[in-house]
Amino acid sequence: MSPPILTVEQLRTYIHRGEQTLRAVDGVSLSLHAGETLGIVGESGCGKSLTCLSIMGLIEEPVRIEPGSSIRLHDRELSELSLRELETIRGNEISMIFQEPMTSLNPVWTVGDQIAEPVRIHRRADAGEARARAIEMLELVGFPNPEERVDSYPHELSGGMQQRAMIAMALACEPAVLIADEPTTALDVTIQAEIIDLLADLQRRLGMAMIFVSHDLGVVSQIADRVAVMYAGQVVEEGDVGDMFRRPRHPYTEGLLRCLPRLDRKVARLPVIPGDVPSPRDWPGGCRFHPRCAYAWERCLSAAPALTGEEHLSRCWLEEEPERRVPSRAGEPGADS
Amino acid sequence: MSDETGASEYRSGREGWWAALLPGLPYLLRRRWIAGFGILAMAAFLAAVLVLGRERVFATLAGGGGDIDDWVAFATLTLGLGSLWGLSFAALRSGPGGDRSAAWSQWSTAAREFTKNRLAVVGLGALVVLTAVTLLAPYLAPYDPVHIGDVVGTRNLRPSLDHLMGTDKLGRDVFSRVLYGARISLAIGFTAIAIAITLGTAVGAAAGYFGGVVDAILMRIVDVLIAFPRLVLLIVVVSLLGHSVNIVIIVLGLTLWPSTARIVRGEVLSLREREFIQAARALGFGDRRIIARHVIPNVMAPVIVGATLGIGNVILIESGLSFLGLGVPIDVPTWGRILDDGRAALLSTWWVTTFPGLAIVYTVVAINLIGDGLRDALDPRLRM
Amino acid sequence: MTSYLLRRLLYAVPLLWGILTLVFFIMHAAPGDPSAMYLLNPNVSQEVVEQIRSNWGLDEPLAVQYWSWLVNFASGDFGLSLAQQRPISAILADRIPNTLLLSGTALVLIFLIGIALGVIQAVRQYSTLDNVLTFGALLIYSMPTFWLGLMLILIFAHLSYQIDGWPELLRFPASGTTSIQYDMLGFFGKLGDRIHHLILPAFALGVGSAASVARYTRSSMLEVIRQDYIRTARAKGVPGHRVIMKHALRNAMLPIITLLGLYLPFLLSGSVLVEYVFAWPGMGDTIIKAILQRDYPLVMATSFVFAVMVVIGNLLADVLYAVVDPRIRYE
Amino acid sequence: MKRNAPGSVEPLVSVEELTRHFPIKKGLLRRTTGYIRAVDGITFDVRHGETLALVGESGCGKTTVARTLLRLLEPTSGRIVFNGEDVAQLNRQQLLAFRRRAQIIFQDPFGSLNPRMTVGSVLEEVIRVHGLAENGGLQRRVTELLSAVGLDPADARRYPHQFSGGQRQRIVIARALAVEPEFIVADEPVSALDVSVQAQVLNLLADLQERFHLTYLFVSHDLSVVRHIADRVAVMYLGKIVEIGDSETLFENPQHPYTEALLSAVAVVGAADDSRPIVLSGELPSPANPPRGCPFHPRCPHPEKDEVCRTTPPPLEAKAGGGMAACHKVVGRESSGPGQP
Amino acid sequence: VTACIDAGDRSRENDDAPVPEELRFGGTAVVGFLAEASSMNEFASNDINSDELQSYVLFTTLVRYDEDLQLVPYLAESWETTSDGEQRTLTFHLRHAVKWHDGAPTTAYDVAFTFDRIKALGRLFPRAASFSNYDSAVVQDSFTVTFFLKPHPGFLDPWSFTSPMPQHILGDVPLAELQQDPFGSVSPVGNGPFRFVEHRPGDRWVFEATTDFPEALGGRPYVDRLVYRIIPEPTTMLAELMSGELDVYLGVAPSQVEQVESSPTARVLRYETRIYAFINWNARRPLFADPAVRRALTLGIDRERLVEAVRYGMGEVAYSPLPPYHWAHNSQLQPLPYDPDSARALLDAAGWVDSDGDGVRERDGDRASFELITNSNPVREDVLEIVASDLATVGVEVIPRVLEAQTLGATITGSDRDFDAFVLGWGPQFEQNDRRIFGCATPEGLFHWAGYCNPRVDELLDRVASLEDRAQALPLWFEYQEIIQRDQPYTFLYYETRAIGIKNRLRAVEMDVRGTLINVNDWWIEPGSRRQIAASRSP
């Protein structure tokens, strides 16, 4: 396999609030190869967005990337670049789209202007060229009559169209990497299907690599080649999409898959993961999943496991003691509180 | 939600009871510098007043003064010192940031947020000092603020050690007048705003909550009042009812409420669609209950901030009124009044106008700092 | 938009009527009437006062007076100033331009200075510069306008002439709109003279508001900077200054524009004191005098102008709002 | 715990031709120039003890139905009959009694609780207003309610912001339960929750239904959730019900092309690779200006879409495949034959 | 930008070396006053500033008072009177050479026109009372006009402040519009030493010298331009005077006098005025009904100190309603002294005793406490405070209250006279009519504030009102003043002396009880220190 385009190693992004330090992203390692789609799934607050923003260098005080973290795009260490240098990379070699298309577009400029802007900045195109490029991009993302729509303001577009415009903007300079942070979460299912379709199609045609973040396992399973599951600021499992969803190794992934209501069959009672998603204010000690884990034993309370495995990695002591994959609590899975 | 972690090393009361003898010391030992030095400074100040003004303090006790002002001052002095010591002992007992009950957490979060803003704390300190000075005026003022003596020999004296801010055209000590003036000016500010926010909140909440015709009518009234030349109202009311502190307070209160009403209405409009209000309606709660228990408490943050900033505004307006001869009675020394007294001779006896002006600036700055601090502390967006 | 404007203007009619009616009755409730200005004049006899009263219709029932005022007013006739014995339209024509000149200059200063400072502060949030500016703005904002005016006169129109080495450029006239020799100056001389006279009062009138505009701009800007679309812009690789100037500023302007509407009438009433201090022959002086002299028709007319300014101010704010924010399209 | 809805029994709630329009004001005099037809003449029943789910895309009018049912919004026309009483006709007293029997749970667990009241006082207030317990019993009742929804009774002293989203949703449920209602409208109660917590709340709702014999109107846009919880399902599109029927039948054998598209668009883990979603072309029309004829026709992928669809609104009628649907192209029950699209 | 040159301005020692007459011409004199002069229309204006500008600057009066307050010819070259007891005639002979500024001659028709209009306006003319004894006018020839009137003292006095208005301009204006004619503010045409140039309301009036003004009336003024500026704020005014924008500051506040005096470039001119300040006791109130109490109150106020304190000595303790300039002023009377002990004794004797020890006297349940009101005016506010502090020491409580002027006017003239006492200043005309204030014939009269009634005073005032012969009137006036002194319906506070600030470069400025612009023709500016631009226009 060719070397990855983007490598993230031991990324730790902490939030320093007064005396507190929130370890929101705590040692995430990822790699992304050309033409590949890496899905990141995880529940709210587990650090997905911060991971993406860290890669883009878009974090600001009081959030900081801690020393020892490494983000490499091809061979350049992004975390060591100056702001000026970062600016030449963002939107150019690596782009990002966000969850809320409505708030992520500047309400006072036309979508055309906003799509043209990276072209003007990175390609030093003049106004005419940039506009032509904007129209071209709108066409690419499936806008009906782009010549007209190029002059619309964001509020004149529906949510789906806004997200298409965001995609057009991100892809205007043909980046090598696109980071999509929950691009469909705010959209209706029918629209979501369109956007996923579009992204998959564009990726195929433009050959870019993509990180696709979602909390919806279904969506990720549709679009991703590989998936990383995040929990409490860490990647707890990573592997090929089919493999992972068929044979999850980490109890969290397993729990997640089981607790989803299913369209194809009806169960009397949903299996649950007990407890709540922890807050980065105080991650549990030891294995961060242990308070909610059906298999947890003493070891999980005291020591944090590492991400281990070859193709399919998992951060769990079960990797070392697979025989313990027996529910330790009475009535599990399925207990409520 | 633990308190400042640095303090936790001192959790148990290691130091003896004696530590509380020096007010503020327990706080200093817990590295709560601002609180510690603040308390220490206040205590030192009060003690100094007690020592330097002992004659008048004794006079109060002997019943010679008999004046209510004197008793207020005396109470301030004793209660002030008492509570400072009380705080210190309490700090000693409870340990640092002892767990407050959950019911307090809302306000203590806001309070913590507020104390993070240094300028706001400075403003609060400045206002506390001012209030103390105001209440202690009888012990601090070197002269009678209204008594007119032998005018010719004592008037228009430059600032000196005898008269820190000089004397005015009738020979009264400007410093003493400014001290006493603070009482009236602050009283006017606080009371007028209290009236304005009570009225404004009630009207705004009703308009926003009920909407429709009620809203239309109330808001038209507000529109009219906002576009209404306030000066006309002031002149007429003052002429009709006469100059008195109460009238000025009422008139200011009555002219300032429309803006509060607008703010509250805006908040309530968005609040009304909030789901907990809908839920309250679904639960069959009456409108009055919903407004009083669910709507108003949730619009108080902007109202409090507005009110704080409004106090400064009222003080400014009062001085403008005095400037137009529409202020308080002439024998009541407010800042506006004192400032106006020196106006004609500003170019020669600049001190008569300058010092009360500076007092106004000092106060309004302090109040605005507090207001800004409150705005940040009460803004839910800034809290997690 | 046109229909919207029309509607707003239509809506303004009852508003103005309400205000004026209120003013009318409040004014008439005040002790004294226009003839009262003769009451303390030794040269005037009792008969004169009575005659004047009946001549001005002051002895008629209030309802009659109200009705006749309303009819005249509605037909565009402001009537005659009782105290000045001049047509009110002429008086307003004299005064309004002066006030607009002063308030307009102040307004421009307020927004230019205020916004510039606010943006600088927001960009340099928590820096020393930010703190100094914040505090300085607060200090100025906390000064009573007329006191500031007096202090400006004390320093720039008095001490400046007494102190020898004081730069000539920083000496200002204390009063009036023009010098005595204004008529004999050339074009640039006239212009310079006017500006010279305008500086102190405009400063006194505007600087406090500029300080508060700066504060609003700062917080509005800080708020906008937190928005998603700013992050989007930065994700596109837009350089920092361009993010501020192109993406943030226009959005941050929205709440500031509402201030514009609020400041117009505020400046007008604020100018009452400033005009007085700087002997600026504008509306302020007229309003006060009219009220003090119970010059009813003039009070009504000046209140009308005032209220119209409020309406225009709000309208202006709304229109500008729509200009800056494409989301807002009035029907 | 699937119960077969007893069809013969009198329905608990029956909605007839319910319409709710929001006026659009325009022009010089703010005349009403048009209406947003948020809910446009819908008819359905909720039967005793069942869970009826209302699904549809954003803006199709689900929340409006929910709020109108509880008279938080006045209907423009149509009737809502609750237990034989016309909800629109209730006087103050009766309304209060009605509110003791019908409750609502909202989507946003953050917005549904007054941030300035402790959980305990929230519950106490409800109990007091309805006079459901005397002073002594008050605490006991609060404790009961909290434990019923799986919370620690000690939590009564805490404020909403000190709870996680799932816990808050439990509090909201407890508040609704406080009046001992028989009917609960749940407006997207789990949409804002993390998936791992969503299952807990769904289970809780099911448990409570059993325990207190509740009837639910369950609003959701998530078909998998609906499938899991509902006995019957109504699919809304542009303010109209386009299909309604037994959950089982509807999911196995959707009649309306819109339902079909909706189902196919759901991304399912482990779905076969060839199960491409039916991608609808065109945008969701505005409810202010719904298309003439069948509201779905501009986006309809049905191969036989024709002039009738463009001009005539289809009635909601029983279809051969089971349930009722509003589509010209799906064969009705009377005219026999498979009639699958 | 500042055009004035203060440099060469070396104060008064230059006075020894007078500047030759021909070099005195030129320059602009700028006069500042706190209030606007409302109109140049004789028929409409009623404020003192307009009067002065009309009488001394823009127009000419028929007669004038000289320094000794004797009437002397001015526009009228001479006059004669006849009398048949019931009817008197008064014939004026006008000078021939006086022209309106548009070139038309000033004639007897103008005088008669003015008189006719005044009579026609009737009570709408603010000073209608002055002409109440005048019946009619007949023009004899272009320069001779005869009036028919009832005999009364000071019958010439109205012509000292009434200037003829131009008939050829105002003649066609309908009576109803006469008072509102733009003539008053926009386009006045006069016949005085200065012609109208410009009026910017609220800001300034600008006049320029009439070059052909007849020598007989004083000739061409020395200054080229006279600018009358309105600056309401005293501090601003003072700053303008000090910086040289103004040449004259009319009405320097007492507290500012010292500063003007200490300036090397300006001087202070003090002059007597007709104004006296007084406290009016409302005798309708029980506390003030007794003359002894009023006397006690006067004795209890240290008026010497008051004058020093509030007016910085600019004034004299007053004791008579006829100020010292008045020919009938009784200078043998002495002001009541400051004597708090006698005051207390009088109050005790009148039954006002402090029985409850709160420091305030009472009688039959009434407290010796009253509201002392005045209009908002810094000096009078000070008076209130000092009076309050003085009377407190004799056991009388004073609650000072300041009302806005119109409210005060309405309060004290209102039919219910709902007030206790007030402080006011009053500037009687040269022909004094005190029946309005002390006569009991018209107790509801506008100015009958005091509610004072003494039949003897009535009698005296009625007699002097018809006595033309001063020698006969004098003893009556004296007795009147004695009674007032005894009864103290007012406590007279002081006769007001005023101060103006003058730039040293402006010379020959005189002011006295007649007014502030009496010799504006003679003002001249030192040649070296004139405003540059204006200087080029000297002849």
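Remarks
For clarity, chains are labelled A, B, C, D and E in written order, and residue numbers in each chain start from 1.
As a convention for this text, a residue touches a chain if its C-beta (ideal position, glycine included) is under 8 Å from a C-beta of that chain, and two chains touch if they have at least 3 such contacts.
All values reported here derive from a predicted model rather than from experimental measurement.
Graph distance from chain A to chain C, where chains that touch are one step apart, equals 1. Relative to chain D, the most remote chain by averaged C-alpha coordinates is E. Central chain by Cα centroid: C, whose mean Cα position is closest to the mean of all protein Cα atoms.
Per-pair counts of C-beta contacts peak for the chains C-E.
Distance between chain centres (mean CA atoms), chain C to chain E: 37 Å. Averaged C-alpha coordinates give centres for chain B and chain D that are 51 Å from one another. Inter-chain spacing, taken between the CA centroids of chain B and chain E, is 49 Å. Rounded to whole angstrom units, the spacing between the C-alpha centres of chain C and chain D is 55.
Residues of chain D found to touch two or more other chains are absent. Counting only residues that touch two or more partner chains, chain A has none. Under the contact definition stated at the top, the residues of chain B that touch 2 or more other chains are 235, 239, 343, 346-347. Those residues of chain D that touch chain B in the shared complex are 67, 70, 72, 95-96, 99-100, 103-104, 106-108, 111-118, 125-126, 129-130, 157-159, 162, 172, 175, 179.
Of all residues in chain E, only 1-3, 28, 30, 38-39, 41, 44, 46, 122-130, 179-180, 182, 184-186, 198, 200-204, 227, 229-233, 235-240, 242-245, 375, 404-414, 424, 426-429, 436, 442, 445-447, 531-534 touch chain C in the complex they form.
Those residues of chain B that touch chain C in the complex are listed here as 119, 220, 223-224, 226-233, 235-236, 239-240, 312, 316, 319-320, 323-324, 336, 339, 343, 346-347, 350, 353-354, 357, 360-361, 363-365, 368-369. Per the touch definition, chain B reaches chain D in the complex via residues 101-103, 105-106, 274-276, 278-286, 289, 293-294, 297-298, 380. Touching chain C in their complex are the following residues of chain A: 53, 56, 58, 83-84, 86-92, 95-96, 98, 100, 103-110, 117-118, 121-122, 153, 155, 166, 169-170.
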